[in-house]
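Next up, some structures in structure tokens.
Each of the next two complexes has chain A plus one other chain: chain B in the first, chain C in the second.
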Partner chain A sequence: MSQQPLTTSVQPTETYGGDEVSALVLDPGYCSTRAGYAGEEMPRQVIPSFYGHIDGRDIFGDEVIVPRAGFEVRNYMNRDSVVEDWDAATKIWEHLLLKRLQPERPTPPNKNGLNIGDDGDVAMGDGDNNDENMVDNLEKPLAESPLLMTEAPWNSAKAREKAIEISMETWGCPAFWLSRTPVVASFAAGKATALVVDVGGANASVTAVHDGMVLKRSIQKSPIAGLWLSNQIRTMWEQNEPKVDLVPTFMVENKKPVEAGAPADARLRTFPFPIADSFRAFEEERLLTEFKESVVEVWRGPGRYMAPGNEDYARSQPGRVFEMPDGSNQMWREQRYKVSEGMWDETAAYASAGADEEGRVSKGQTILSLIKASLEGVDIDLRSNLIANIVVTGSTTLLNGFNDRLNMELAAMYPGLKIKVHAAGLTSERRFGAWIGGSILSSLGTFHQMWISKKEYDENGPGIVEKRCK
Partner chain B sequence: MASHDLRDVLNLPSDHSAGPRPSKKQKTGTPRPNLKGLAREVQNLGGDNPIAIVPEVSIFKKRRIASRKPVTKWELKAFTNSARADDGALVLRHWKRKSEAETPSESVEDRGSQQPDGMAVDGERDTDKVDDSAFAKFNVRVAVPQYNEDQYHRNLQHNDWTKEETDYLLGLAEDYDLRWAIIWDRYDFTPKTAEIETDSNVSTAVFKPRSMEDLKARYYEVAAKMMAVQKAAQYMTGPEFELYETMQNFNPDQELRRKKFALETMSRSKDEAREEESLLLEIKRIMARTERFNEERRELYNRLDYPSTDSDINSFKSSAGLQTLLQNLMNVDKSKKRKSIIVPGAEAATPTTAVPGSAVSETAPPNNTNNSTSNRRESIAASVPGGGHRDSTAGTPATPVEPAAPNAANKKKGAAPPERRKLTEQEETIYGLMHHERLGSGPTFRYEKINKLYSHKSGQQQLRITNALAELDVPPRLAMPTAAVTAQFELLWAAVTSLVDLRKVCDKLDGEIKIEEAKKAERDKARGISGGDVKDKEQSGGKTKPGATSTSGEGRPGTKRPASSGGGDKLAAPRPSSSGTHKRSASVLSSTSDKSSKRQKK
Partner chain C sequence: MSQSGATVSQECITAYNDLKLNKKHKYVIYKLSDDNKQIVVDSTGGGDEDYEDFRQKLITAKTKSKSGAVGKGPRYAVYDFEYQLKSGEGIRNKITFIAWSPDDAGVMAKMVYASSKEALKRALTGVATELQANDPDDIEFETVIKTVSKGTAA
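== the complex of A and B ==
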């Protein structure tokens, strides 16, 4: 009753300051790459940034990653979420933006050659014109849509220039913009000034955003994110008593229910060809993700998990059962807290026996020290405002209790200040925060003056991206 | 047939039971809300009270009134954004409602604007025409001070900042719209010329990291100076000058101290924060309370403003005396009460209190005075202003008791002037209040006053003064003699006259010095020749005579006059009794001149 639907005569432009220009938004990350149309609330296409490589060609998408002979899984990014393999990146982005977002339309009847016998007198004039357009379109597949891309705040200048080069020259975008993830993530939360805590797949980063601009001195990042947590789980399983075998789903052909704690009773599949390590790792990651989603939790307090008495308390609480793909299952009680505790308390992290280069957490890598260091990199006058506008984004923050813990720790660290943690309630909004922000940004009417146009690119070269997208 | 019908026939007054009947009739007469789908009988069951059954209406939702208008069409329209820097090279397209009403008028406008090549068909032009984004108007940029090379070298030199770096700073300020947090964050100045330059001082000065205060201080310095260059401070408008002043008064040290303090408040604990908050609250409360307390105290003092009792009470012993006293007290009370209500400053304006000569008039209106008891009353009244304020008033000087000051003044002067609030200087200018000497009757002109000044002077002096004024481009008669102008002119005139006087004295002294020097030369000559040439001496004396007499003759009245005119009398004091080197020399000279004149007389 109170909220009346807008009539068609009232254009949303005037109401919300939006002005759709059918822009595309591309948000590449280490674990997944998101793409969709600006103005929509969710990305249309989300595919893993991992792609298959078989017989010298690359195949993209989640569904093609299946066990095959000579199949390798690669990622076009490095662990810092910076594009490393530009050929693959171009191909995967093209696959996303062209094949997936804009599925091929059937050729118009006057072009498909089936109507050739008809008298074409009238259509000829038009036809010429269209032919030209068609050629243009063939050459420049994205000639109609401006493209907004996101990037990690620590992205190198070279990578940025490469990105605009691809979009302008290879795809022929009429306009381009490169936006840093924390900025758009804070836009998604409806804030122009915020301290963005982004704990994603490969990286955790804390960045201060002031009036829609990243403060470079505040950028802090550490690898304590989803993949690190997966490694913690691996280590925890290895050290568990009895040891838990990590058998990915694709290996299991057949399983029988067993008692909790009992060894698995399953028949594994055998393949006539060797399974690449990268493929197995990718599949294992799926399993670990499931474990993270359903079991792992963040200790909410009081105090840290390692404080005396807390572990015993956690042990006495009801746990969660997790069934492995091979049927073995177990109740997880205190471990599910301990596994994630390293994010907050470097002493609590599992020290992996073999691979010590990733499992180690130093003092400065915990999320709180990131926040602290980030705040120290900005002007004093901004700090209290930033603390009152903390935006939490990234899918690893979806761990149960993450926000509670963050709130508690911040309150202990800055007792006199007002602390407000803004975390989107919807899972998808937290996962695709940066994409959603990009979608909002590129559909704003006031944003259109910001785009780097083709003409500007032609005049200034790829260096313009450094000048404009600050 | 009921009883009331009977009464009706018999014309008997109806008793109370008659009431309901006619009203019932009335009720049946009024149309009842006709509920549909309900039998009348059922409806009547309820009697007076309508039944609370809402009948179900089995009608379908009303059909939407379909508009006869055709479906609104939307079109993919190209547009540009004039806020962009690339002159409309980027043409984006968005969906716009195609409005029938707008198109014709637009095309008319088009025709008007595109008169020279207005050959194209309307429809075509509609598609060709690229309109500007509605959001372009939101593009607002800050104005950063501009300067050229020359201006920089003249005004903006700074030994800690090179021009290159200043340019860089201003460029950043423009890029980031003066968001200092970002400017400071992105500030990364690496001079291009520093490697070439061999001067190590420059490079060290340049490479040191700048704090935000440094950047702000430099920017404000540049901005303020350029503002002053473009428009002198006295011609700036109010807000401009305010901005100019704030930029000029930017104090980086104070900012730094503030930030340090802010940092400390950030690291305080929860208890401290709470304590501070409660203290602030307490202060606020105290402040509010003191205000009220002061108000109450003032009220109390006003009430306490009664005649003291230490005067002679014999006059009140008779009943008539008591009557007077009562009257007096009541009057005093009345006026006091009124006083507490009206603003203390306003009472001076009430005419009743402004009767001079009688002290009672301060408190009592004159028409209330009783003639027969006037001398007695005066005896009380004499004590009124004196005892009006008890010792307690004097004991609390901190509290501003407004009526106290005039009353005290009254006490000092006796009872003569009625109390009057003194205006501060500022208020005087606001109300345009002026003080000047008594004016004669009839209209007076301000320039007459100046003419009067002239008339006191001798003709020669008048001439000299006018000459001096002409030198200053000031007309002798003012074109626009406003009060301020005449006042200034008087000052100027006084200065000019004193200057003229001084020059006269100076001339005189010069002449005397010349004479004495000539004399001395003569004397030396005579001594050198060893008294040989007396004739010569006499001749030279004779030669000097006319000059000497002329100077002394001119000097005499000069020495007299300054003493009377008062401007330059110190310098020209003829008596040697005065002290000070300058004066002494003058007096010595004058005494010698006296001697010379005496000799001449001989």
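== the complex of A and C ==
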């Protein structure tokens, strides 16, 4: 067989400074971390920010989180979506950027099996699964890839410096940039000025962006987001008649169909080792997410859900059936609205048994209070322009009815003002809004003059990120 | 500088000065060059054209995506508004900067225009008002003149 030369399309086309920059985009969040190539429409890799810890080592990705002995699930971020464990953060990011995203590198000739010496066999090491080896082997693993990272607008100066330090020193990136998520989300909606309402997994936040800059005094956040909603569902299930048992999928060995409302007829798996609470909680979250995606809705009005008559009306409407992994199932009618109502009306939130449970909502934490406080933090002349340019992003805003309700509440809160809520129609654009924005920005031919270069970093130190990425 | 790194071509400033100082144009429409590197003049207008012609030009503006597909396109514009005061105290002129980015344009085009706007705005000195518009209703004459005049137009 004759050897074919590489076609031009497979040959490397990096012309740093042109449109062909092989930049990487990394968008870390509390629930998941997204990574991919600049210029693409979607992140190539989305993995949980939760990772497994077993026998003193860390393992990453959705598929490794399975029941096993001595297995714990951890997260490298804190609930404010700020990195807490930098060692784990570095490892999980390396797993994404180096292992999952980088093209396979040619095996060195002494190991590729074509040059076997007299002593025979090729050693089949298990190094394939070991990220650390990979990093050690390559001194500067990202020496050809500029890296754009996103961050929450309240990220600390220390965390920002740490991010550039790892990129430049550990990975050898030739260039680096940090983008604040509300700014890129606002740009992706075609607006240099907007009030960005971002309801994600761990946090709901409202941030005013003016001419592409975050207005610091406008930043408001609260935990009334996806995980909070999960806890509301837990409480609702506990208080339901009959009580709904939260049995995650991994526990169920087999099940038989049962009537609605009847107890489950299922055989549960038993494990010869204890299941860590953190693993169980992670698996429960999968089930709760499914319930949120298929059953929960936001009450669209008229008025609030708790207004007289609304609950009876909701009860009379067609419901949704949800089948648990163990086969038990029931129809959810008015509850599927009630469970999300606390986002808007703190008096409607389910109170769980524990006094200072996370489920508690105070008045200042609802989405509407965040918007109000955010607007009060900016110059009065800017407010009407911001209300006319609201950009909604984040997975939790995908709940049916969310935008209708937001519109209705804002109209009641700011009568006479022009209110316009913009939400990307494509689900993916709202789930990955910040990533997509970062991807476009870093793929622009002109963006090469924005990057913080290695040289600039070497001259100024990590403090440069505070000066440049405003 | 803008956040995208795009720059402003000299012709943008020349056309703006013709509008501001020489009253040669009623409006100037700007766009990004096809390679997204530079802001250039798309068209100018004046004479017997009225506001509606200008509005139609914005609404029908196109942009070519990377893959070559043609879709709705964002634009920047300056328009020299002239209006009578309600109070009868005479005529006012206001040069207004409009950042036009239709909601149904592609995300790439919207991103490029929004992140490059600052470069052009800073290059044009003496703009009285700035508007951000995202659907055809936002640039209807009545809506715009109300904002531009802060409600003082007749």
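Criterion: the second predicted complex is superposed on the first by the 414 of 470 C-alpha atoms of A that agree within 3 Å, B and C clash if a C-alpha of one lies under 4 Å from a C-alpha of the other, contacts with A are read in each partner's own complex, and residues count from 1 in each chain.
The working rule: contacts are C-beta pairs under 8 Å (C-beta built on N, C-alpha and C of every residue); 3 or more make two chains touch, one makes a residue touch a chain.
Computed from a predicted model, the values in this text were never measured in an experiment.
Of the two partner chains, chain B and chain C are each touched by A:449. By the document's definition of touching, of the two partners only chain B reaches A:417; chain C does not. Comparing chain C and chain B on the residues of chain A they touch gives the larger count to B. Residue contacts after overlaying the shared chain place A:22 against chain B, while chain C stays out of touching range. By the touch criterion defined above, A:191 lies against chain C but remains apart from chain B after alignment on the C-alpha atoms of chain A.
In the superposed pair of complexes, A:210 makes contact with chain B only, with no contact to chain C.
After overlaying the two complexes on the shared chain, residue contacts for A:379 are found with chain B alone; chain C is out of touch. When the two structures are aligned on the shared chain, A:175 is found in touch with chain B, with no touch to chain C.
Shared-chain residue A:437: touches chain C; no touch with chain B.
Overlaid on A, the two complexes show chain B and chain C touching the same residues of chain A, namely 19, 211, 444-446, 448-449. Listing the residues of chain C that touch chain A in their complex gives 1-7, 35-37, 66, 74, 99, 101-103, 105, 107-115, 117-118, 121, 132, 134. Taken in their complex, chain A has these residues touching chain C: 19, 39, 183-184, 186-193, 211-212, 385, 389, 420, 422, 424, 429, 436-437, 440-441, 444-450.
Listed in rising order, the residues of chain B touching chain A in the complex are 72, 81, 83-86, 89-97, 133-136, 138-139, 175-176, 179-182, 184-186, 212, 259, 262-263, 265-270, 272-273. Of all residues in chain A, only 8-9, 11, 13, 17, 19-22, 144, 146, 174-175, 210-211, 213, 215-218, 378-384, 414-417, 444-446, 448-449, 451, 453-456, 470 touch chain B in the complex they form.
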